[in-house]
Amino acid sequence: MSVQLLLIQIANGIGLGLLYFMLAAGLTIVFGLMGFVNLAHGAFYLVAAYATYAIAGFTGSMWWALALAPLVTAAIAIVGEQVLLARTYRLSHDTQILVTLAIAIVLQEAVILFFGPFALNVAPPEMLAGHIAIGMATYPVFRVAIVVVALACCLGMWALIDRTHFGALLRAGAEDHQMLGALGIDVNRLWTFAFALGALLAGLAGALAAPLRGLDPAMGHEALALAFVVVVLGGLGTLWGALIAALLIGLLQSIMSSLWPGGAYLMVYAAMVLVLLVRPRGLLGRG
Amino acid sequence: MLDRNSPLRPIAIVAALLVALPLLLPSLTLSSEVVVFAVGALSVSVLLQRVGLLSFGQGLFFGIGAYASGMLLAAAEISNAVASIGAVLVAVAISVGIGALIARRGGVYFVMLTFAFAQMGFFLMVAMAGITGGENGFADVPVAPLVAGGSATPGTFATYVYLAVLCLLAFAATCVMAASPFGSVQTAIRSNIHRAQALGYNIANFKAATFVFAAAVAALAGAMHTTLLGFVPPSVIEPETSQRLLIMAIIGGAGSPLGAFLGAAFYVVLSDALADVWPRWMMLIAGILIAVVLLAPGGLFGLLSNAFGRVRARG
Amino acid sequence: MASMNPILSAQGIQQRFGELTAVDDVSVDIRENSIHAVIGPNGAGKTTLFNILAGTQSPTAGKVVYAGRDVTSMPIHQRVKIGMSKSFQRTSLFADLTVLENVRLAVQAADGAEPYVFWRSTDPGGRLSGIAEELLGSVGLRALSGARVGEISHAAQRTLEIALALASKPKIIFLDEPLAGMSIDDIHRAKHLIRSLSERMTVVLIEHNMSVVLGISDTITVMARGRKIVEGPPEAIRSHPDVRQVYLGHAP
């Protein structure tokens, strides 16, 4: 593999990794505050991607699509949370997981119902559809845009977690309802916010991914599995771990896709197994 | 064995159901399908009920069992029974490794890792398309006798009986395990895991061993699936299969092994009735799943045993 | 009768939680077949030290040596196999099972490979149940063997805690506030039980009931603010000025 190709794949890997980080971060936030794994997370990613396609088709503008799709996703998440999840908060974590599974199935079936089971494509906004010249090579502008948006998102998240009340609660791993209630915190609103935020992140990742890799109904499942790999690899509960793990996985996948395309995904999972053997708690995990 | 509190009672009930099933359902093939997935759902139920582990990856071992038995049948002139045993052994070997890695982890990690491994299994199958047939499935499965010395071209009735016997064996093994010292430790783990550990039980070992048992059951179901179909479709190792088995177990009710049977029957019959008419019928399943989880956590088994309890109380 | 040899020896135990130092460079020798109490006001670090000795917590620094082996980070289930056993401060039993089954499970855990037998029924000849019944008899709970744990009295539950810890025939047993919440009569019975244990094993306990502690202990370790401030037989502790200061809250 030439140096030029390697550099391109490294750039791709960083972009991909940042997308994976957004996914994993959303999952970690929900888990950190609500204590269960949100199996609908991948479905939110899926819905956002298809919403991007639909809004772009409807309005003719990808800009609107990219801006609105994550918000639509968050809205759907809030509906699901209010109607269904909110009934499970006094029940076991297993129950909550199963309800999110049901939500995921409904969303996936809805997507197939409206858009059919086959793969679709959507183009990035015209202004971002070109290439820029870097030295002797050209690189897609949209991929650069993804990195920019993802970094902005990371900055926003850092501010949220480090500077806000919400972030403090998240860092404390606040799960005890009674304790939170005694502190005067409206637990229901906190959870709705956390769940919506998680969905927003998944939605943003999905909207950005749509022009990048196209749409198909299985992408939600794949994304969820990858989010799990990132979280497990990085260590549960640590966002820094998720960032490092996501970048590693993005880089691994991109580089492998040039060396052995059929086995790119496999290598990612193999890496997870390897890390688990050596460091069962993940790269930065503790406790 | 029919005593209400005997841990072996479910075996008698399953036997009765297996006899009744072909009389209740319109085709032997449909009954056979129920039987196959009853064993598959049992693998989920065992892990959940005995050691509290919610697995999203039993489809991995279902798929391994299906492919392994198909390939063994293609590779040698053996009966379905022998191929099934071989498939189970393959799954056991693999599950020992995976179990050592993930079964010691609790709740969240286990959910995520089984989910990820199920996905990985699918990618592995696709990556090895040369051997597995990839998206086309593995079609080189020859018609073989069910057991050594049996007819070279078994009919649908013989196939049903064969599958029913295997199903009964799987349920019997589960009940025997639950009633054994090993089972008493599982019960202790469910009751108070910290105390069980403080008494000196190596919890990780028990979880891992139960994981291997569940993998064996799932692989048996997969091998039974290959026997029934005569080939191996790629769907056996798709992540959706793990989901399907889990849903059957939950709807049927995780409180007893019988739940797995009920859930599988419910799912398979409903699928048969609806899937062609309404391709998006899974939405109904999702709705039923939510209803069960929120309103009837004991599943179909819970509902039925409550109903029977009330009948008995009145009578 | 307490021997002179330390069966358990903790050296330089340090336990830090971030900025907070719960246990600060504590060393303790526990003599074989003695009754050794660890006391101190709330927040003294005695529970942390106790957990470190018993094995439910790993120290940030320091070593715990038992019968010549370094057991500092040995997991609990392994400690049981080498003769260490612990009861819980907050009653932690198998609430939905019977008293007998609770003890039978404890006895089964120490019964070689029996826990891994999966092909036949539990305890076919009633052998383990028999041992469990004997054990219940020795702590005075035989009458309750068929009752569900959730239904028996608090004192009976505390005694059952001790019974479970005894089932593995330990050489050293850690009792975490065994008398908590008991009435005078129950305390009297429990006191005799604990004293009788020291004939066959070493007893390490945390207790707030000062008269019992002074009455039955061979050695008392007093802790305050994470440090060991005094250690000695009850007579030495009873009149020690530092001990009174620590409990009455005067400035050090």
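We just call them A, B and C in the order they show up, numbering each chain from 1.
As a working rule, a residue touches a chain if its C-beta (ideal position, glycine included) is under 8 Å from a C-beta of that chain, and two chains touch if they have at least 3 such contacts.
All figures in this text were calculated on a predicted structure; none of them were measured in a lab.
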Can you tell me, using the touch rule above, whether these chains form a line, ring, star, complete graph or other shape? line
Could you tell me which chain's Cα centre is nearest to the average position of every protein Cα atom shown? B
Note: chain C sits from chain A at a C-alpha centroid distance in Å of 48
Roughly how far is chain B from chain C, going centre to centre by Cα mean, in whole Å? 44
Per the C-alpha centroid definition, the whole-Å distance linking chain A and chain B comes out as 32
Which positions in chain A touch two or more other chains at once? none
Can you check the complex and tell me which residues of chain B touch chain C? 176-177, 179-185, 187-188, 191-192, 194-203, 205-206, 209
Note which residues of chain C are touching chain B in the complex, please. 56, 76-77, 80-81, 86, 88, 92-97, 101, 104-106, 108-110, 114-123, 164, 167-168
Chain B residues touching chain A in their complex are 48, 54, 101-102, 105, 107-109, 111-113, 115-120, 123-124, 126-127, 239-240, 243, 246-247, 250, 279-280, 282-283, 285-287, 289-290, 293-294, 297
Give the list of chain A residues in touch with chain B in this complex. 31, 36-37, 39, 84, 87-88, 93-95, 97-99, 101-103, 105-106, 109-110, 112-113, 221-222, 224-225, 228-229, 231-232, 236, 262-263, 265-266, 269, 272-273, 276-277, 280
